[in-house]
Amino acid sequence: MMAYHGIVIAGFGGQGVMLIGQLIATAAMLEGKHSTWFPSYGPEMRGGTANCTVVVDEKPIASPVVETPTEVVAMNYPSMMKFGKVLKSGGYLFINSSMIHETLDRKDIKLISIPVNDIADRIGNLKVANVVMLGAFLELTKTVEFKSVEEALREKLTGRKSALLDYNLRALEEGAKYVRKSMSTVG
Amino acid sequence: MMAYHGIVIAGFGGQGVMLIGQLIATAAMLEGKHSTWFPSYGPEMRGGTANCTVVVDEKPIASPVVETPTEVVAMNYPSMMKFGKVLKSGGYLFINSSMIHETLDRKDIKLISIPVNDIADRIGNLKVANVVMLGAFLELTKTVEFKSVEEALREKLTGRKSALLDYNLRALEEGAKYVRKSMSTVG
Amino acid sequence: MARVEGYVEIDTERCKGCGLCINACPTKVLEFDMGTFNSKGYHPARYKGTGCIACGFCYMMCPDVCITVYRSVPATVGK
Amino acid sequence: MARVEGYVEIDTERCKGCGLCINACPTKVLEFDMGTFNSKGYHPARYKGTGCIACGFCYMMCPDVCITVYRSVPATVGK
Amino acid sequence: MTKKIMMKGNEAIAEAAIRAGCRLYFGYPITPQSEIAEYMARRLPEVGGTFLQTESEVATVNMVYGAACTGRRVMTSTSSPGFSLMQEGISYIAGAELPCVFVNVVRGGPGLGDIQPAQGDYFQATKGGGHGDYRVIVLGPSTVQEAVDLMGLAFDLADKYRNPVLVLADGLIGQMMEPVELPEMRDLSNLPDHSSWALVGAKGRKPHKVTSFNIDPHELEKMNKRYQAKYREIEKNEKRWENYRVEDLEYLLVGYGTSGRILKSVADMARGDGIKVGVFRPITLWPYPYEALAEVAEKARFVLTVEMSSGQMVEDVKLALEGRVPVYFYGRMAGVVPTPEEIYRHFVKLLEEG
Amino acid sequence: MTKKIMMKGNEAIAEAAIRAGCRLYFGYPITPQSEIAEYMARRLPEVGGTFLQTESEVATVNMVYGAACTGRRVMTSTSSPGFSLMQEGISYIAGAELPCVFVNVVRGGPGLGDIQPAQGDYFQATKGGGHGDYRVIVLGPSTVQEAVDLMGLAFDLADKYRNPVLVLADGLIGQMMEPVELPEMRDLSNLPDHSSWALVGAKGRKPHKVTSFNIDPHELEKMNKRYQAKYREIEKNEKRWENYRVEDLEYLLVGYGTSGRILKSVADMARGDGIKVGVFRPITLWPYPYEALAEVAEKARFVLTVEMSSGQMVEDVKLALEGRVPVYFYGRMAGVVPTPEEIYRHFVKLLEEG
Amino acid sequence: MEKAIFNPPKSLSKREFTYCPGCHHGIVHRLIAEVIDELGIREKTVIIAPVGCSVFAYEFFELDGTVAPHGRALAVATGMKRARPDLVVFTYQGDGDLAAIGTAETIHAANRGEKLTTIFINNAVYGMTGGQMAPTTLIGQKTTTTPYGRNHEKDGYPIHISEILSTMNGVAYLERVTVDTPQNVRSAKKAIKKAFLAQIKGLGFGLVEVLSACPTNWGMNPVEAMTWLREHMAKEFPPKLFVDKVGDG
Amino acid sequence: MEKAIFNPPKSLSKREFTYCPGCHHGIVHRLIAEVIDELGIREKTVIIAPVGCSVFAYEFFELDGTVAPHGRALAVATGMKRARPDLVVFTYQGDGDLAAIGTAETIHAANRGEKLTTIFINNAVYGMTGGQMAPTTLIGQKTTTTPYGRNHEKDGYPIHISEILSTMNGVAYLERVTVDTPQNVRSAKKAIKKAFLAQIKGLGFGLVEVLSACPTNWGMNPVEAMTWLREHMAKEFPPKLFVDKVGDG
């Protein structure tokens, strides 16, 4: 696996894109890697578009900004259009196929469609759609290890939130499972 | 007469030191000369010390500030002590002997004592003591001509103030007269 | 007196699914369209199709100016 | 009852000749000292020398805290 | 030729503004420039103008913003602490590209300081006291007459470039009296036309929007590029300075405003002693006349910069000369005005040491 | 070694302040730094401190003034427009020689601008956004960890010199998360002693007076000379910078804060292509490490300065190099953060152009 | 034949609002636009937007407009109106904008009796910056800067701007309203119209304080937020007509 | 045996006041010093002077002291008191300082109920800067910036700070007084004492507004100025006890 990851995760506010970015960055730290996370919001007060950039590397990170991401996660259509374009050639584009019905016209990237809302719905909690996506993402990119993300999740979900831990762990796993199953379809 | 005059006029607020400075500067302008007037006030709100610097010259005035004045007018004791010291060697020091009973220990200057309050009192208006001083000043220094100052006074004292014109003209003349009479006593 | 007959048009792309119109409608003829997301990601409001009395409450409460209320001239002219 | 006898001391160097003490004195025993200027150029206030009842009005009105008012113990001890 | 009259700098500035077509003044009193407001309060009603004493300098700068939105000529004046309070507003005005004129009659600082003439606000004036990449055109008068002339120029430049213009005077310019000639009254009907952007009601046209705001950084960067292009244009067109006895100079004195004028006395003194000294006096402090300064300074053995500050404009002198000529500095701070004699003494010391 | 934790820059700054002994925070919300206030609101009560949300930035800076009068450690934080509003107060604080710490998490400007990371407030920060001759110590962190470290330093320098210290971050430092190690809690009983001047009641001693005011310009000039002597002392002692891969450099990149850190990626790219590029990153922006920069830059064929502004620090670079090495500039404005790739492309273009 | 009896007013631009779902800012925008339409003053009216969630307001109206520095809308408006007394100038401001940083500008514009109209959105919180305490935050209310609830000893009391302004000669129209029911929306519109009339008739300063929901920062859904507004905010800030020099007709 | 029954209080420094002859600032300084002496709090009291004629006030008291930026005394005081709640902190402010540029700081300190004391010198004019209009200048009064007399249409109405503050929960003591007669001086002193007690007892914010003469800028001699104060200023600003949570004893 490559050492450097420059990841953009984008979607509507409320889709939890910030959280999964933070989980990756935290997991990287737990593994002794370097990582940065940086958010960006659209003009809407709430519920507009939002994205974050995560960098993971073996050595200290000079630039926390990324011109051509190595991976893009698009939770909605505008995000796919915006960030799919700048994705590095050969990079992964993860799209939420529960909400995105079109695809991107690029032959030089690896496009992974995951119906994360549907999967989350099946798990019983629509809110973990983002973590389903994270599971898929990790399964393919190996940016960080599952167990580090689990640790990060455990640290985050304490107190009243600990009830949600199970849903999240399931989501991680279901996401991974989904891509493992559909691996063959990836170009 | 010399072309350049750098004059400091100082006293308590209310003694009219600013006005006589302005009259000299205005008169100089009326004669086609260059002139500047610049005020300075002490820390008191009112009634404290105040002084102004007047420069008159044949050519454009570069510096409106004066390190060693060619003439000093001191309407009270602190002013004499402060500005008498920096007066140019050979320069005139005019003091208001109605309020200053000491003299300055300098042999290289021309000290002129005029009891301007007493003279003004005699004229019938204590407020013109400053103009008495101005008369004395002009008579000796010839910085500007009397008629220019009269013109400046006429411009200044219009409307309700025109009643004061006569007092001022008398004061000018009495001041001049006083030094003409006492000329012989000047060192 | 005959009940006024009306209907509403909702700009579903503009709608943010806040539900204030639904809440305000005295005849309960508005609902969320759970079947679709608009491009902002919301389930827009939708008119059930009948029963509107053109009271304008939904219009008045809609913070996103999505609603136009029509008063149909009774029965004669079709929609 | 015997009238209280008092007297006042005025810090004439501090005085600004505003006259508020003179104005306030119920027994009119304060006046301007027209014969002198202090170093600030004012005619200071002065106690006429007798008649003060130590009411403190002058002290209370003096904006420059120039006045100290004394109450003399009746007659016995000299000034 | 109009008649010369004796006027206090502050009053001359006010009258010059009115003659330049300014009919709107907003201001909060502060020494040593309150006479500007007082003059306006008396005079503006006579010419159909509006004077408003505001509740603070923060309110002032924003009233200027609002008035400038209508395209009418508007000004305010203040002194150092008051000008600091206006910095946020000035940044907004520059970002919204509104024409208006500020006068800062500088006094001794920092903080409450004193009320005497100083030049300690040069950095604030020229490098942008507020936030963000913006520029204010800064004019530095050295006589009352020049203050009058620059007031007219200030309004014209403000209109021409839709940019705030600052007349940076000091307490001496504000408080001194000198003979001045005043210009004629401008014909108000002939002032620049701002109808293409001014906020005066969207009658029969698309609404106008005046703003320094754009949530999208790429769009905001486009706005910034527009500002920067304008600044380059101003740099190209508007640099002004005065050379004094520089033809054969061996030493150069540099100063602006009051200290610039005093330096002429110093040059005269030196020449009296047979030393060939010239003076360079920048009149526009932004844009700074770097090239003109470099040109006259090339010939100098050294340059002495004199300011009524701890040394601020001297950085621009150094930027102009890039180490090719030694640059020395002499300054008085906090409201002390240097005399020609003391400057000359310092100059002679440098000569002897060097 | 303490454990690393993942923290947002703003929160790390707040926690670092508390660990440095700061128990007083006054502030008014503004993006992109409101998390500092929010963190303080939650955390200060836990450690016996005081958080107060103020009515405005003008009030804030003056509350800081008041709290600093007591000698206790106090801070505030804001972003660009808010910092502009504090300029009058900062000038007073500097004049009164009060120790306190400011954080400006800079956003795109001018005016309302946007809320993205920018570096357009460099001039304001380093040359004095307020009036008068004063200086603020300015520290420019480039990582969350460095922000934490510099917060501690900021309080120490403020106390040591009785001077305001500004941590000049940008929205990226404030908003990003990075792993950090936090220092231990400072022992409050061991903080510097300010009893010789602080306002805590004149018990058994002459009253203390804290002021920036003196009506006599000669006395005020004495105060100014005292400040200036202190500033020279700070310049002597406190310059800080980082050199990156400069040993054998042929080209030098200069940048501070976020752009400084991004330049390291550029240097790595260049070196990947066999071009010997180094980076100079000033950490103290005032006092600026002119000499250290000159030393590494001497060997360079040219210097490329990169800022998230239209070019402000580049003036200090030029002042350091005095024309001995060509200085180029590359900037993005208004909240756009340059990528290493685009900077490298610009660098290569400069190389090719000669 | 059918007739649109309720449809978007002309004085609104076509731009979609950037507000959160259920935010009352949008309702109030529409009312203002309706009033401007009805008064026929669109072509001479200028909007001064604040910094706050409604920072884009100057884009949402089909009017000339600008955005003032945070808190300074009434100073900007004063400058504009003094420059062009023939214009109708109104400000639209939040509670942070008008009652915290802008306190002095508010008080003095009102006290001077500037011929201006102000729509004051009191939502007891700083919406735009993410839910910090506003000067109008209720005692006990949790915000991001009063995480333990507003405590009057530490954080002070909620400020009552309308009560303060009601003591002033310069004020010609002053009312506090809500927009939580269709009926109240209708009354709010009447108040807004009168606040404009106070300006147009040259009577003085007009202000309408609108108690408004911020579902996002209150952490409630839009319908819950309505209820909270009624049950809590309207207790601390009772809707009331304070000053009416406009009269009827 | 004789006894000084009225003599300068210990809490005043020996420095001569820089005020004009007959200026009331001096009377009020003395009263404050007497109150501090009587309360025995000199060694823990700090004065915050304003910018105004009383800018030197921090030098006139034998107290630790500082001078705030113009208008910001109550913000400075708030910072100080929050840092050291054990201190007694008071501000001394003019009408320009407190009621114009400092409006927001005044209103919010009062509204928060800061435990502070403010002595507010209302002399209807900007003394220090040479007699410009103050927010409290009377209608018709001529000043250097209202050369034709204050006109409410152009210049607005005189502001009534005490009336405004009287609407606020945070205020524990609030009174408007004069010092134009020995009797009124005595009452003014009582009010000042209570305003300090409001702070000392932790009840909240205390303010005393003192109607004061500025003979210089009013263009009157000190005795005439007294009369004008009584006959004109006290009509617009009637002396009154607005709030007293201190009670007696």
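To keep things simple, chains are lettered A, B, C, D, E, F, G and H as they appear, and every chain counts its residues starting from 1.
Basically, a contact is a pair of C-beta atoms (placed from the backbone, for glycine too) under 8 Å apart; a residue touches a chain by one contact, two chains touch by 3 or more.
Small disclaimer: the values here were computed from a predicted structure and weren't measured.
Think of each touching pair as a link: the shortest run of links from subunit A to subunit G has 1 of them. Touch-path distance (fewest steps) from subunit A to subunit D is 3.
Note that among the pairs F-H, E-H or F-G, F-H reproduces the E-G interface, with over half of its contact pairs the same by residue number. Of the two chain pairs examined here, E-G and F-G, it is E-G that is joined by more C-beta pairs in contact. Here the CA centre of subunit A is 63 Å from the CA centre of subunit H. Measuring from the averaged C-alpha position of subunit D to that of subunit G gives a distance of 61 Å. Chain centres here are Cα averages; for subunit B and subunit D they lie 38 Å apart.
The set of subunit C residues that touch two or more partner chains comprises 16, 42.
Touching of two or more other chains is recorded for residues 19-21, 23, 55, 67, 69, 100-101, 103-104, 108, 128, 135, 155 of subunit H. Residue positions 50, 52, 55-56, 58, 81, 88, 92, 96, 111-112, 116, 211-213, 215-216 of subunit F are each in touch with at least two other chains. On the subunit H side of its complex with subunit E, the touching residues are 51, 55, 67, 69-71, 96, 100-101, 103, 126, 128-130, 132-133, 135, 144-148, 154-155. The touching residues of subunit A, when paired with subunit G in their complex, are 43-48.
Those residues of subunit H that touch subunit G in the shared complex are 100-104, 107-108, 111-113, 135, 152-153, 155-157, 159-160, 163-164, 167-170.
Residues of subunit F that touch subunit E in their complex: 58, 80-81, 83-85, 87-88, 91-96, 106, 108-116, 118, 120-121, 123-124, 127-134, 211-218, 220-221, 223-225, 227-228, 309-310, 312, 315, 318-319, 322-324, 332-336. Interface residues of subunit F, counted against subunit A in their complex, comprise 4, 6, 116, 172, 175-179, 258, 261-265, 268, 337-342.
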